[in-house]
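All chains are identified by letter, namely A, B, C and D, in their written order; residue positions are counted from 1 within each chain.
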Amino acid sequence: MLDELREAAARQRQARTLALLKLGTKRLLSARGEMNGVPLARDLIERLDLLDDAQLDAFFDHLAHDLDPDPATVLRCAQAYAAQPTAQHLIALTEAAESPRQELLRRLNRSPGGTAAVLRLRRALLKRLPQRDDLLALSADLRHLLGSWFNPGFLKMKRVDWNSPAVLLEKLILHEAVHAIDGWDDLRRRLQPDRRCFAFFHPQLPDEPLIFVEVALLPEMPDAIAPLIQKDSTPLAPERFRVAAFYSISNCEPGLRGVSLGNFLIKQVAEQLQREWPRLKTFCTLSPLPGFAVWLRSAPDLAALPGLGRGVATRLQAAQQTLLDACGGDLDALHNPLRHAQLPEPAQAALTTLAAAYLGHVSTLPTGDPVARFHLDNGARLERLNPGGNMAPKGLRQAFGMMVNYLYDLDRIEASHDKFRRGTVARSRAVSALL
Amino acid sequence: MLDELREAAARQRQARTLALLKLGTKRLLSARGEMNGVPLARDLIERLDLLDDAQLDAFFDHLAHDLDPDPATVLRCAQAYAAQPTAQHLIALTEAAESPRQELLRRLNRSPGGTAAVLRLRRALLKRLPQRDDLLALSADLRHLLGSWFNPGFLKMKRVDWNSPAVLLEKLILHEAVHAIDGWDDLRRRLQPDRRCFAFFHPQLPDEPLIFVEVALLPEMPDAIAPLIQKDSTPLAPERFRVAAFYSISNCEPGLRGVSLGNFLIKQVAEQLQREWPRLKTFCTLSPLPGFAVWLRSAPDLAALPGLGRGVATRLQAAQQTLLDACGGDLDALHNPLRHAQLPEPAQAALTTLAAAYLGHVSTLPTGDPVARFHLDNGARLERLNPGGNMAPKGLRQAFGMMVNYLYDLDRIEASHDKFRRGTVARSRAVSALL
Amino acid sequence: MLDELREAAARQRQARTLALLKLGTKRLLSARGEMNGVPLARDLIERLDLLDDAQLDAFFDHLAHDLDPDPATVLRCAQAYAAQPTAQHLIALTEAAESPRQELLRRLNRSPGGTAAVLRLRRALLKRLPQRDDLLALSADLRHLLGSWFNPGFLKMKRVDWNSPAVLLEKLILHEAVHAIDGWDDLRRRLQPDRRCFAFFHPQLPDEPLIFVEVALLPEMPDAIAPLIQKDSTPLAPERFRVAAFYSISNCEPGLRGVSLGNFLIKQVAEQLQREWPRLKTFCTLSPLPGFAVWLRSAPDLAALPGLGRGVATRLQAAQQTLLDACGGDLDALHNPLRHAQLPEPAQAALTTLAAAYLGHVSTLPTGDPVARFHLDNGARLERLNPGGNMAPKGLRQAFGMMVNYLYDLDRIEASHDKFRRGTVARSRAVSALL
Amino acid sequence: MLDELREAAARQRQARTLALLKLGTKRLLSARGEMNGVPLARDLIERLDLLDDAQLDAFFDHLAHDLDPDPATVLRCAQAYAAQPTAQHLIALTEAAESPRQELLRRLNRSPGGTAAVLRLRRALLKRLPQRDDLLALSADLRHLLGSWFNPGFLKMKRVDWNSPAVLLEKLILHEAVHAIDGWDDLRRRLQPDRRCFAFFHPQLPDEPLIFVEVALLPEMPDAIAPLIQKDSTPLAPERFRVAAFYSISNCEPGLRGVSLGNFLIKQVAEQLQREWPRLKTFCTLSPLPGFAVWLRSAPDLAALPGLGRGVATRLQAAQQTLLDACGGDLDALHNPLRHAQLPEPAQAALTTLAAAYLGHVSTLPTGDPVARFHLDNGARLERLNPGGNMAPKGLRQAFGMMVNYLYDLDRIEASHDKFRRGTVARSRAVSALL
């Protein structure tokens, strides 16, 4: 009895909170909101930050269902435009077809903390998305706006080094996603004179790195990660810099999912390093291959890979068998560094061949390796496979220790990208020769 | 004969230039442009900057007609959405209804000088607009994007003073639109300790003021402009600041026409001054009345003014007659400062009454005084009329010397704005009493 | 034989190096050096940085003995000035009496890295000083110049916090001399919103903190150090700040020994905090008492303390006995935290009384506690004794756990300082009552 | 009677003011002043700023006579040092021989506005110096301290351009001493891309340029000033820069008289321009010759010039006669541009020869041309004479239109300087050939 009363009271509070929120969005979208929106937006943001999960669910319902374009109006405008495609009809159509929530979000953004608030909304939304198909259009609207606001032309690329504020460096330690930074001493090594770190910042969020990339300046293309992130290594003398190797790229802002930043960052960094060090000749990555082990353990039918000649298919199947034989049929055994080290040479070679096949034929599929797809779609070329490149537990588990160099040849980027979109992976002769 | 050959050659060159431009926009809109768009955008911007007027006309034709949404596709999507208003249908509709040129402009903006290039395009377009209705949708798209990018939340408000770079101050001298700045000494006076100047800047155009406002800090609400802009006046001691009077607001970027900035600037300045000087009690303007003389000379039928009681109408007609009699039927005579000064008291009073009628009843019409409409729509209140407030030639010509104080009472702004949108001008008792 | 040859060769090289250095100083001191000295100074600094210890010894000999004023000339000038104290005679005397090495050092300082080079020289000199009385005048000249260059009026006081560059924060960790900073997490706590850290910088050495002080903002005067430097404590809300407690002050630049900076830093910090937080009422320290244990273990004759009444002397002797009895005659036992904790109440009280006597009567002697002498000479007042204030090993070893609050009452600083110079310690009633 | 009373009262006030000042200096020099000097210094500076001229005279008397070293003490110390030149005796001597006012001024300098206050004192003192020999030692002490504080190693050289704050640019207009800047448009031309302006700043006075130099970047060594300062000239393209011509150097701070800054500024600017524009081959001046006309009108006995061969003397006397004949015996006629233009060729040549003689033989004398002495003592070489280089009234009046190029060859600067100090002017072959 008491419980029921309590529940009813809670429901009532919930309803009141939601009603106030809806009133807030309505006012912000009205003519008042157009002219005097900053205080209204500030107020709405404060309310949003106090919502619990259930209230936020309800607010997303409101955004997703009450602030859609009106189907009848859009249809009428579309018919008029189809009948007579004039500028006036098009203007009417454009207005009718845009969700009012886009204008709402733009007005939220006028308040000082608006951009950050919209990013928080997107983060909360993305968590719900897998269960909520009805929120997809709202998510698309958010992505569309954020893509316009976080346009690379508006972002500032800044170098991060040991002169940067501690509050910023701390965020790198927190967000490094590829090769975890093990405290301040580790970070310090990664900011020495033969290392570079660059990040994108938005003018509205000047202390928040959005994405950062770590680069090693080296005498030659690296084949293993361990030497690059060793804490006590001696910095290389600048006159020996010849290769810039991107060895880690990490997003810091989950609310920007789907907004392409990494591609632009890598190219802008490459251009800047090229200007600063004209003797740099090679821009490449040293990248993990996170999907390789899962794929190989799934016993794929190699003959069925797309675009494969018969001879190649036969050779790949042989390699698969060689490898299985070498580890007694249990690929998991190769996650053990000792067992891996005892692999006979032919089995090692078989592993490399299979990685080349995985990258060369699977990457063009949507299910392909995400890191490979990222770099190849950016226009990089598959340059070299490095067995034993990462013998740390994560490297063994994900890819039996294999690492990959992708080459960013700024003059060929467009061609390689086009090729990839048409289903072919740009690759070096050495990799081609493996198949 | 030779002329014909020359003409043909010119036509051919024209055609080739345009063909290259169209190719450039096509590539920038393709998948290539998505991933590797920065150099493509840079290239296109360089080409655009070399176009002559005829070529630019042709390019606008291309933007306006070849990059429209496809009517049939939009109609199909609108029908599907009308039948079943699901998220998927809405996403498809949103995509189909957005002009591809919007994406083109967003990609242009990724290049370092992109924002400035889009502003230049808009400036060129606005010049053509009066003759070209077919460019209206293109102009609306540009305004829409610029409105999103020049959102007040993204702008930085900065104080401009005598410590500002000369290169910036020079731009104020150039763009001041209300009371021309007569060289560096004049500017210097306007930047003394009892004057303020604030401007909005966009992070992408850090040296370009977008709009600026000039403020005088005074002991009381000003009734004439001359003392405010006198070069050799002595600055007021800060402990006597009680009123902040906005006496000039000027746009510097014509490409942003239709993007509301002045409203936000005035309110943000008022908030900042309030924080800095808690003893400031009044925020008002000292504004011109640019349409008053034209209206009065047009011999308007005062009885036909909207929302007027009969008694008031009669009194207004009497005032009109008084004034005409006083200047011998020739209102133009009042543009002469000497004749103006000889106006008998009843005629002076009649002039003020007529100004009150003009502001109180004409401003709500689209044809009303633009300055009045700006401030009243912002939520300001018509506070006081100041006959003889501007006896300079421009002031006499535009408004027979009349100036206006609009009051920004931050607590009543929303209410006044609502009132104005419903057709009523918020006004002080003193002004009401005139009618 | 061979050894002799080798030795002779080494002596020759040494001689050549030294001859070149002497030539360098001679040229820098000549008219050439006056007008074109920057390259000469740069060159000399480069040479100095390559010297080994023996060469540096020889260079100091040169500076100390070859660049003294000429005794005969000075005497002549002094006689002339004594006979007729005119301006001309005084100018001649001043010139004659200044060591030429002062001008040499000023000219060294014209080169970009000059100030840092002079500081390095002083550091090297200070190491030699205990063995070399003949270098005392050279050291005094260096101190004199550095005192003029590192005048507090030329220094910039800056707040150091978590937004400061890592390269600077690292130096705090390195130089903290009172309560060691245990890595970045510890540092981070000391830079939270209820902590302050301020440092002096010289414009010529903008990345080198010269001295820094750590301050805790607290609700009341602290009686123990542990809570102040606990890593995981929660920051105090700003509205509860009432007391600023200086709990650590550390020099970073040994080359500035004898140049008073700490005194000015503490007062400037107090002034700045007072402006920022008008509700701060108390500025005090929480200080160690590093000489107390040594003194007490030396079994001092308390009756012989200066300025002591007979009654007090008797009571102090009784306290001394009480304490000795409580620890079985072995004061060292009190360095053990467990034994210390078991001390009966009367022995605890005796310890405090003895500390009051130590501070009140020994501090005015040159052999007194250096921390006490620093704060008392600055004009602070001995405010409170805190037995058990520092139970860490160092605190027990140095002072049987005792800590001291010195109070900086900005209005009484001059009076307290004068008192101290006249041999009396300014103290609170509570401390006076102990004696 | 009443007047006498008034006078007595004024004398009494004067006496009281002075007594307070003396008390202030005494306290600042005491132990109190050492430890708590900042408020005392602030207070003393405030008092000083209120003094009238008579009071300031009295204060200078106090500084100059009451704060001298004590003759007897100095003599005793000098005798001890002469008997035994030990470090201890030297330290005692150094202390005794330094005027206590030096320490006073150093302590004044600890207060925030101290440096500016000391500069104000020096300015006031320099005005009195011509009449007051007794203030010479005080002036020397001030110069000594300011020389140490305004050491070039402590100064920041900054480029001044059209991006600099208006408040700074205004000071250039005010202080330009060689070729007056005629308002903001003139200044703007001097800050165009083919012009440079550099100034020295002291960290303690960050908004006050101490001295600035104006440089033109040119294709060849300039022979006339008019084209360099013409307002509407077109900037030269950077790829054509070959010569950097210093055409104006102006001090802004009279209080620094006797502290050498120009020499260091010119050389530092030359080094920086050389780094920035490696194709610059020549660093020279285009300088006035301010003493030439006065000297020539004084009908000097040319045969008596120092270091002149007989043949040369005869030729110079002939040139003198040629010139006199050409202007009808009245050299003043040549101040008239029209008369000057009518001068026959041989008389023109005679003028140039006489200028060469003036520069080559008079400059080494203390009475020589100050501009020539400045550059030659800096180590520049007399490179070329330019008759008609400055036909503006001031140029005709000072030097009959003659201008001079001095060449700064950074590799030969030391040698030329030495030569000049030994009485010989370094000059180009072309100039030598004139004699």
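Keep this in mind: a residue touches a chain if its C-beta (ideal position, glycine included) is under 8 Å from a C-beta of that chain, and two chains touch if they have at least 3 such contacts.
On a predicted model such as this, the values are computed, not experimentally measured, just so you know.
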Exercise. Compare the CA centroid of chain A with every other chain's and tell me the farthest one.
Key: D
Quiz item: Taking each chain's centre as the mean position of its Cα atoms, how many Å separate chain B from chain D?
Solution: 53
Self-check item: Rounded Å distance between chain B and chain C, as computed from the means of their C-alpha atoms
Solution: 63
Quiz item: What positions in chain C touch 2 or more of the other chains?
Solution: none
Quiz item: Which of the chains touch, listed as pairs?
Solution: A-B, A-C, B-D, C-D
Practice problem: Report the residues of chain B in contact with chain A in the complex, numbered from low to high. | Solution: 31-32, 34-36, 38, 64, 68-69, 71-72, 74-75, 77-79, 81-82, 85-88, 90-91, 93-94, 97-99, 106, 109-112, 114-115, 133-138, 140-141, 144-145, 147-149, 151-154, 156, 203-204, 260, 263-264, 267-268, 377-379, 413-414, 417-418, 421
Practice problem: Name, in rising order, each residue of chain C that touches chain A in their complex. | Solution: 162-167, 169, 183-184, 188
